[in-house]
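Chains here go by letter, A, B and C, matching the order in which they are written, and residues are numbered from 1 within each.
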């Protein structure tokens, strides 16, 4: 019913609003999408400033802390009065009855949590050298909780530690860098391939169209996990981590473009029949101009929706490939690599905190889905 | 209409409101009309004037966002009067009226039928619901109706799917579906707008002959002044959610009083009449019925407005004699003046 | 108009046909249509849906390529060219002289462009070197001419109602200073009162700019109002073509007669007796033999079944009916309907 669809804001800014402004306004009405956008912004900021937010670097681990639970944070002194939050270090104790070595808190010395504490040296964005972390441990005198060799006297693990004794919280942040950017890079590659091949298919039609469509059909008929396995088998096993990243991205986008190419082709064909395109042709506008000025802007918003809805797939793709051992491997860190720790039931039962990375995967996937949903509603503000 | 007859439906002060983020949308604002048995009332207006929402309010099939106010008094076959707005829109009572006593035909016959079922089974649906449970009997009733609306070779057509019908035939089938329960009132929402002239003429004539045969009342909603002239006994002109003028077709066409009606009549070229060089046209466009202030809705576009009156006070409806009523300050003043001089 | 002066003819449509083929089925949308258009006049093309009037219009402006036939166009420079066979390079300077106005004011404007860009697009394409200031001045002039408020040019189409959008479409068609404008159902999607505004505007512009219109519509009253001559189409063929008043007062083709009798007149006192048409419009993929109308014609003879009538002149008019000379058909009585 036209009556409901009619936008009723009558201010001039609405009349002069471009497609993107209108989409943005419509998206803001979608509360879940807006909320998801905030969540994603937080996650991406976390990944971007992982060096700063993470208290420990990837190389910092401690055998003492192997498989330990999240560090307990105390707010009260022994006498019950409130104090600055502090933690205890760990010590090895021999159980007198069983002669088993158990690890317990060393309650002799308190280490206080300090904001903007000194820690491991790093280079922010690879250029700005710094050693300030969002939080860290200091002793009563305010000195960093390290011995002369720079080894940590006590550690704080918000999400507990993994089987190497590394901080899961820090690893989640560093892993986010990989897990959250691979989908984007592979989406970008799919985007280019999809527009190009879909565009060619839709514009030229005929034999070219037929060939491209058949290729797409064949590609999408291959089940994805065996295809990943086949492709990752082609990656030499001894390559450095950074190249691995590139390969995975390419593998993922190899599958991703087909759906997009179909969307582009369909939109191309339907938009070509619009009256305004005919009008432009009659006015003598060149074919190239028609494509760039009318056709591409016409379906760009749909592509963005499609991509957003495709990102969760890539995230899950990367995670499952790494989980299966086909993708990233330790020492590289991604969410999939982190989840590999939860492979056996015993480790899950004994160290349930190792499941925390899974929460991040789920939240991210949901956030992208909700955002895509909102974008889809907003994609065509004219209808 | 004769004095003794009771109206089959009486719409009193009907309003339809929609709450939106930007304010209150009032597409229908206090509509009154009544229809007598066997009569055709034409509800005329441009897009966005609220004519479709009015008709859907009668059947209680408006969107959930809409709230209807006022009264819609329907006299059923036992002469009992019910207020349709008081009934639960998804309840048993309204469903017994909808489709059986009042039914509706829509503009797009292609959309009104499901492509998955045969025409016959879709016409049967209402029969099986309201008249008989016996499938054989229902088929007979449906076939009879299909023949009545001029579908040739009805037995064969009965088992065909909508895509095998042409637009005109489909509209006939739609009419058959609407009339199969012999309703006492038919709402026709732009029933011929999507059809070609020759088909349109056939459908209009069919509706007229069926009306005579079945004695039903028709609420005929359209923007086409030509079909109204051909079809309707009385005409109600709607603008911005209000009826601005009502009267017999002759009163409205030959002696329009409201400036909007006058403008509307001047806007159409009467085929066969001497060519005027220019058509009369109303300036501007229909405003959006959002957060409306008191005053005449036509004020902004009216060439005959009275500053300080028309934009401040809602015009009341006055009777100009007979059935001819108009809601206009200017007309009221003229009528008062006339009364004084007499 | 009575005196035929050959030099005034601006467009000669000659035997234009269009066949759409898909999956081995050939559908003749337009068959052998010919007529002449004189400068400054309005030709109305009427017919029911599927009669090929829109296809014909699109063939004339070359939005689609005709399968057969010629459209001889006399350019502003005075030379006669076959518009349908020009190649891209030859087309470029001439294309702008024949423009089009579309039916749907919503799909004919790109929602992602401002009104300024929409109206200015043809200028950018044809005069890329024109300075921005000059172009904008031109856009403003043309916008004012079609009754658009020039302060709103930075707005996007969604800010405008159907009538205003149609004005934008008209401005876009006018900015290249065309000679001929094909109006494809240009007012059909508009409300009655807005229709009148646009029709008046088209007439005013025609007088001012000496435009020639080919006005395609299914609405006979609009066509009767605006056209000097009318062509009636049925199943892809032109069945009658002649001066409006003559054609409406005394049609020569039985289909025209039936069509006219079906038009609802906005006057409750006028009750026309409709001439019933049997059956429905045949499938254009499988047209009847002989005269396409014979199955539904009440004057049908044996000859009509076998032999297709050619468009020939009868009484100052072109008619495609074997019995055009002998039949006396009924139209609108102009004297009675005042």
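The working rule: contacts are C-beta pairs under 8 Å (C-beta built on N, C-alpha and C of every residue); 3 or more make two chains touch, one makes a residue touch a chain.
Fair warning: this is a prediction, and the values are worked out from it, not measured in the lab.
K.L.:
Which of the chain pairs holds the record for C-beta pairs in contact?
P.N.:
Counting C-beta pairs in contact per chain pair, the top pair is B-C.
K.L.:
As a test of understanding: of all chains, whose mean C-alpha position lies farthest from that of chain B?
P.N.:
Checked the centroid distances; the maximum from chain B is A.
K.L.:
Starting from the mean Cα coordinates of chain A and chain B, work out the distance between those two points in Å.
P.N.:
Comparing mean C-alpha positions, chain B is 57 Å from chain A.
K.L.:
On a C-alpha centroid basis, what's the spacing between chain B and chain C, in Å?
P.N.:
Result: the chain centres lie 33 Å from each other.
K.L.:
Check each residue of chain B and list the ones that touch at least two other chains.
P.N.:
47, in rising order.
K.L.:
For the complex, which residues does chain C have touching chain A?
P.N.:
61-63, 92, 95-96, 98-100, 102-104, 107-114, 121-122, 124-126, 152, 154-156, 158-159, 169, 172-173, 176
K.L.:
For chain A, which residues are in contact with chain C within the complex?
P.N.:
Counting only chain A, the residues touching chain C are 7, 12, 14-19, 22, 274-276, 278-286, 289, 293-294, 297-298, 381-382.
K.L.:
List the residues on chain C that touch chain B in their complex, please.
P.N.:
48-49, 161, 163-164, 191-197, 199-200, 203, 218, 220-222, 224-225, 248, 258-259, 261-271, 274, 276-277, 280-281, 332-334, 337-338
K.L.:
Could you pull out which chain B residues touch chain C in their complex?
P.N.:
46-47, 166-169, 196-202, 204-205, 223-230, 249-250, 253-254, 263-275, 277-283, 285-286
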